[in-house]
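Input: structures, listed below.
The same chain A turns up in both complexes below, where it pairs with chain B and then with chain C.
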Partner chain A sequence: MRLSLTYQGIPIWRHSRILSWTAQIVSGVLVVAAVAFFLSNVSSAIVQRDIPFGFSFLNREYSTPISEHLLPYEESDTFAYAFLVAATNTLMVSVVGVILATALGIVVGAVQLSGNWVISKVATVYVEVFRNVPLIVQLFFWYILLLGLPPVREGIILFNAIYLNNNAGLSFPWPEGQQRPGLWLLCVVLAIALGVVTRVLLERREERTGRPSYPWLGAIGVIIAGSLVAWLVWVAIGDAPYVMSVPAPEGRFGHPAGGYTISIELTALLVGLIIYTAAFIAEIVRGGLQSVSRGQSEASRSLGLGTMQTLRFVTFPQALRVIVPPLISQYLNLTKNSSLALAIGYADLTSVAKTMTQTAPAVTIFLIIMGIYLLYSLAYSLIGNLYNRHIQFTGG
Partner chain B sequence: MATAETWQPAPSLPPPRIETGWIGWARANLFGNWLSGLVTVVTVPLIVWAAWRMLGWLFGTADWTLIASRPQQYLIGLYPTELAWRPLTGWLLVSILFGMAAAMWGGAARRIAIGYGAVTVLLGVLPYGLFHEGVVMPWWVRAFILGNLLTLGIGYLLGMNPKTGRPRNFVLGGIAIYVLLLLILIGIPGVPGMEEVAPRRWGGLMLNLILAVSGIFFAFPIGVLLALGRRSNLPVVKVLCVVFIEVFRGVPLITLLFMSQVLVPLALPANFPVDSVTRAAIVITLFSAAYTAENIRGGLQGLHPGQAEAARALGLPGWQVTTLIQLPQAIRNVIPAIVGQFIALFKDTSLVYIVGMLDILEMGRSIVQGNVQFTDNGRENLIFVAAVFWIFTYTMSYVSRRIERNLGVGRR
Partner chain C sequence: MATEAAVTAQEALDQDNIIVARDVHKWFGNFHALRGVTTTVGRGEVVVVIGPSGSGKSTFIRTVNRLEQHQQGDIFVDGVEMTDDVRNIDAIRREVGMVFQSFNLFPHLTVMRNITLAPTKVRKTPMDEAEASALKLLERVGIPEQAEKYPGELSGGQQQRVAIARALAMNPKIMLFDEPTSALDPEMIKEVLEVMKELAASHQMTIVAITHELGFAREVADRIVMFDEGQIVEDLPPDEFFNNPRHERVRRFLSQIL
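Showing the complex of A and B:
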């Protein structure tokens, strides 16, 4: 008698369902076995070689200084709080870097397409140079350049307001709260909310009546007017909510006091990240603008739209669809690249973590910071994807 | 009967002088409108001034003794001097591939081979390492370097020969040379002159190139598998691939390199022979594979579903639909993105200093820091290293643009 291994009349080695299940079970078992093997090695190594492991260190005092921090920090604070401080530093670098790199990148990308041969070539050279050299080389370069600046007394001073030198770092004017600044900010938030409502109402009016109602202009007007009125009320009662604090040399060594001061490490990191990422963003913007076929703008012009209207209603919305997805991945890259702060000594998440490994279990620390970076990546992806969905074709 | 005279229009006049030639070009591109004219007038003097300052620094103020006196360290790091002939032999082998490529594909490949040959000649005859203290470049090293012209020529002849000059031979030869090169560098214990040189003593540009080539070589197939896995209908496979890709793409490479140094030794059995260079190479490869996978997935998504349907209707089995119909088209469409990823991989090799290796960047920095007379030459060092990286990455992006044009991506 012949043994026939069939299922639903098909030999089992050719039945797609059985094959797919076999493949999945085999791959699943292989991965689980590999993970179990690694974990058992890790745990035996921890026991045998007495390697510290676990999360109990998080409640211990970190008792190591963090050179620069946005959140208040004392050496008596715990490891857990030090993680928070470092993560905030990374977030700050990421947000500031993203905003400035986007601005610079859009300018350079637009300049590359401009009709003027000289500046479009300059922009191309900028992009080709900075995109093709490793960021870490550039960071070291900016850092050396800043370290080579004269000390505070002979340093660079712009408009008597911006100071750049090799020991105090970069000082620039910054608003300083004077009289209930929080309350005033609340008023601004309210004004923004009002502005959003205005925009929606004016848009509806425009759709209903067909007459131009300038929803964006109205919204911005409401926001500015609201903030200004609140400001005037503050002035009328007593003092303005904020004053611009301008740094000025002070004391025997002439260190700038007032305003806001960042170290040369942070300056070098930001300059390097912004210039590097902007080169990539410029290429994305250029590609996006070029991807809109010429027929689109020609058709728009023949319908009687002006240059700005063509740009605003026809070219730009279509370019945006091409630009946004790679732009988001550049934002992620900038955030991840900020970990190179380690090389020049700015206290970001990675460099604080590296210091922590001297007094706490390294494996756990790196697991934690990888988790935090993943969280940031997910947050950027989420925001980006929501916006992307908003601007894509919705059909109809 | 009079023949009807067909009316002949008078020949067109040549365009006015002011619209052609360099005057016309300048009118169109420099002074197109008042704003453009203003920009030109303002920026040109600025650019001339900046270029003048920069050239003045490069050829006047800057002191390049640092680089001229330490060519060996920049090229091969701390690889033992008396065994330097081994990396040099490896280099000779690699030149064969350049020659073959030039003969087989011509065009961009030929231009790159010519540039490569020119750089080799320069490296062979420039008077560095002769008049400076430090490592004096012996004559036989120059002979080795100039020998590359010979192997370049041999490669060219191999490529011209219709029997040997086939893409398959090129790929197989490349793999053979890669393996041979690693073998020559590591050495064979017991053979005189082939003493073992542990990978942690490799360094300089050689290390960057080895890490990059290994990364590209392995990241591509792994990336393809991951991309296919992520699109597969099998939930277990799909989840595994998604988790792998997203974790590796979500964290900085530095943290992964750290992990490879602290966790991998724990996760492997005690005394498992895997050194830090191999670990770094594996991490860089997997990191790059995750990005390559996403690029290829993008290409697969961009394919019209009709392609796979037509293939299936013709009776191709599933794996052939993937390998013969979908992948070739998908990969062709995303070549620029993949090359961009490989450029990023090459740039990322400069991060291995994190795990204590002396790649070209860290080698240069340690020369600057370790020698009092070079303390002020940090800038020269970094500019030199940047230039070396730039030459390689720019060549790669040039090749990518040429391939793109030859395949006609975006022009169909």
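Showing the complex of A and C:
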């Protein structure tokens, strides 16, 4: 009998859609099989060699100090809470690092394109040096540099407010909550939201009527006025929401008290991560701006738009499209690289986890922190993708 | 008009001349791209510029809206001298529209936004007014139905017509065209030339167009100016230019491109 397997009149072994489905199913089965094989091996190894595994330790007391923590922490806290403390430390390093590295990177990238020969050469040297030296070497370098600073009294003191020395670390002024600071912050957030709305409305009005409506001025005005009014209400009721606490030398050794103090380990980690990542971001920004063809700015200028208008309406929106995806991947890199904190002794997620393995099952601990890093990465990617979708355009 | 005889200061201020160039020189590094260009363009005149590649045609018309700076000589546009004064430059650019060989539409903006951007941001025209006149311009260039599309969704000929509409939206007194059809397929060249012919015939504005479409030149140009090696070597009405050029170089050039 003649075999006649056809779909839509085409022999199935030649039908592109059936072929592609078959390939998908076959590869899917292979992947599942491989994973199952691996898992069964691992689990039998765990059973045979009696590797401890399980999550019951999470409710035990961790009973180990964490040298520096953003969240309140005591040794009597549980493993689960210690994870949260360490994860928060890593998140803080990541967020602070990302913000400052982006700011520095944009400046350096833009400066490289500026007509100023001296500054642009300096920027290029910076980028080349810091991109091409291993990060861990740089971290040790900053750490050793900071360790080499003189002790408290002879350390670096700026404006009588910022102290940097080898034992206390870096102390700087910091607002200290006084009366319902959280509620006041909420008011500020509301004012910002109102400011954004104001900007949009004024911009529309300007476009509609052609009369200058100063959207930015309006927005900033609303934000400042809103925050100020709330502040005055607080003062009228009792106390200001915050007071600025400025560090000042205290006691026999003159350790700075007040303000906020971070260890030299954290300082070195942040400085290292920021300077290293900013070098990459500078290249991304430079490439993005250069990717917009000269014809674009020429067309814009020939229509009578000014330099800043050209940058804002024509060049930058197009550069952003090129900049954002690699920028997000630098954010992921910075977050992952923050695990090198282990080498210089800052209590980030990885170094706390490493310490935990002395008293709890290592496999579980590392599975958990892998999950946490993955979560952070996914969060950045999600923000990036949403933003990218927002600025993407058809055609082009 | 007056190419050979030196243009006098009087002519620069003459209200009939909208572009006056006097002995304009331009160097790119050591390369002497414009070697003493002197010419005037009257209000409402249509001037076609031709010449071999690298002869300085683009460089010259780009000095008229200061996309290139000249280093020697004077250029007056609508009575305003082209200097480093930023205010003059911005004022001139508002009055001078430019259409490029590569369209240079803004790919991240719709056709409509491409056209309304400059009127709303530079002239502060109300948006609904700007949109209404953008639609009229799109009708004039024959593509009113493309208003909400992005440039990447249009054919080359359509893109160039949007670029023309975008320049027209600023109501310029002068339109500069730099080989507007040479990046187009033959079937699209015609639709763009039709739009340009209609503009030229309306006599609402001064047109300076670099193009090797000699049919267009013959039909609508008041003068044809030929550049060679950074200088103007011929400047004649079309009839004379084609039938009775004074320079051998023109004859040679015409035989090459015909």
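A few notes on this one:
Basically, the second predicted complex is superposed on the first by the 328 of 396 C-alpha atoms of A that agree within 3 Å, B and C clash if a C-alpha of one lies under 4 Å from a C-alpha of the other, contacts with A are read in each partner's own complex, and residues count from 1 in each chain.
As a convention for this text, a contact is a pair of C-beta atoms (placed from the backbone, for glycine too) under 8 Å apart; a residue touches a chain by one contact, two chains touch by 3 or more.
All values reported here derive from a predicted model rather than from experimental measurement.
Of the two partner chains placed around the shared chain by superposition, chain C is the only one that A:Ala299 touches, whereas chain B remains out of contact. When both complexes are overlaid on chain A, the residue A:Leu327 reaches neither chain B nor chain C. Shared-chain residue A:Val122: touches chain B; no touch with chain C.
Once chain A of one complex is fitted onto chain A of the other, the partner contacts of A:Asn337 are limited to chain B, with no touch recorded for chain C. In the superposed model, A:Gln309 makes contact with chain C only, not with chain B. Of the two partner chains placed by superposition, only chain B is touched by A:Leu145; chain C is not. In the superposition on chain A, contact is made by A:Val363 with chain B only, not with chain C.
Comparing chain B with chain C, the partner in contact with more residues of chain A is B. Once the two complexes are overlaid on chain A, none of the chain A residues touched by chain B in the first is touched by chain C in the second. Residues 20, 23-25, 27-28, 31, 38-39, 41-42, 45-46, 48, 51, 114-119, 122, 128-129, 132-138, 140-141, 144-145, 148, 332, 336-337, 339-340, 342, 350, 353-354, 357, 362-363, 366, 369-370, 373-374, 377-378 of chain A are the ones that touch chain B when the two sit in their complex. Residue ranges on chain B touching chain A, taken from their complex, read 28-30, 32-33, 36, 39-40, 43-44, 47, 233-237, 240, 246-247, 249-256, 258-259, 262-263, 266-270, 343, 347-348, 350-351, 354, 361, 365, 378-379, 382-383, 385-386, 389-390, 393-394, 397.
Looking at the complex, you find that chain A touches chain C at residues 206-212, 293, 295-296, 298-306, 309, 313-314, 317-318, 321, 391, 393-396. Looking at the complex, you find that chain C touches chain A at residues 65, 67, 90, 93-94, 96-98, 100, 102, 104-109, 117-118, 120-129, 149-154, 163, 166-167, 170.
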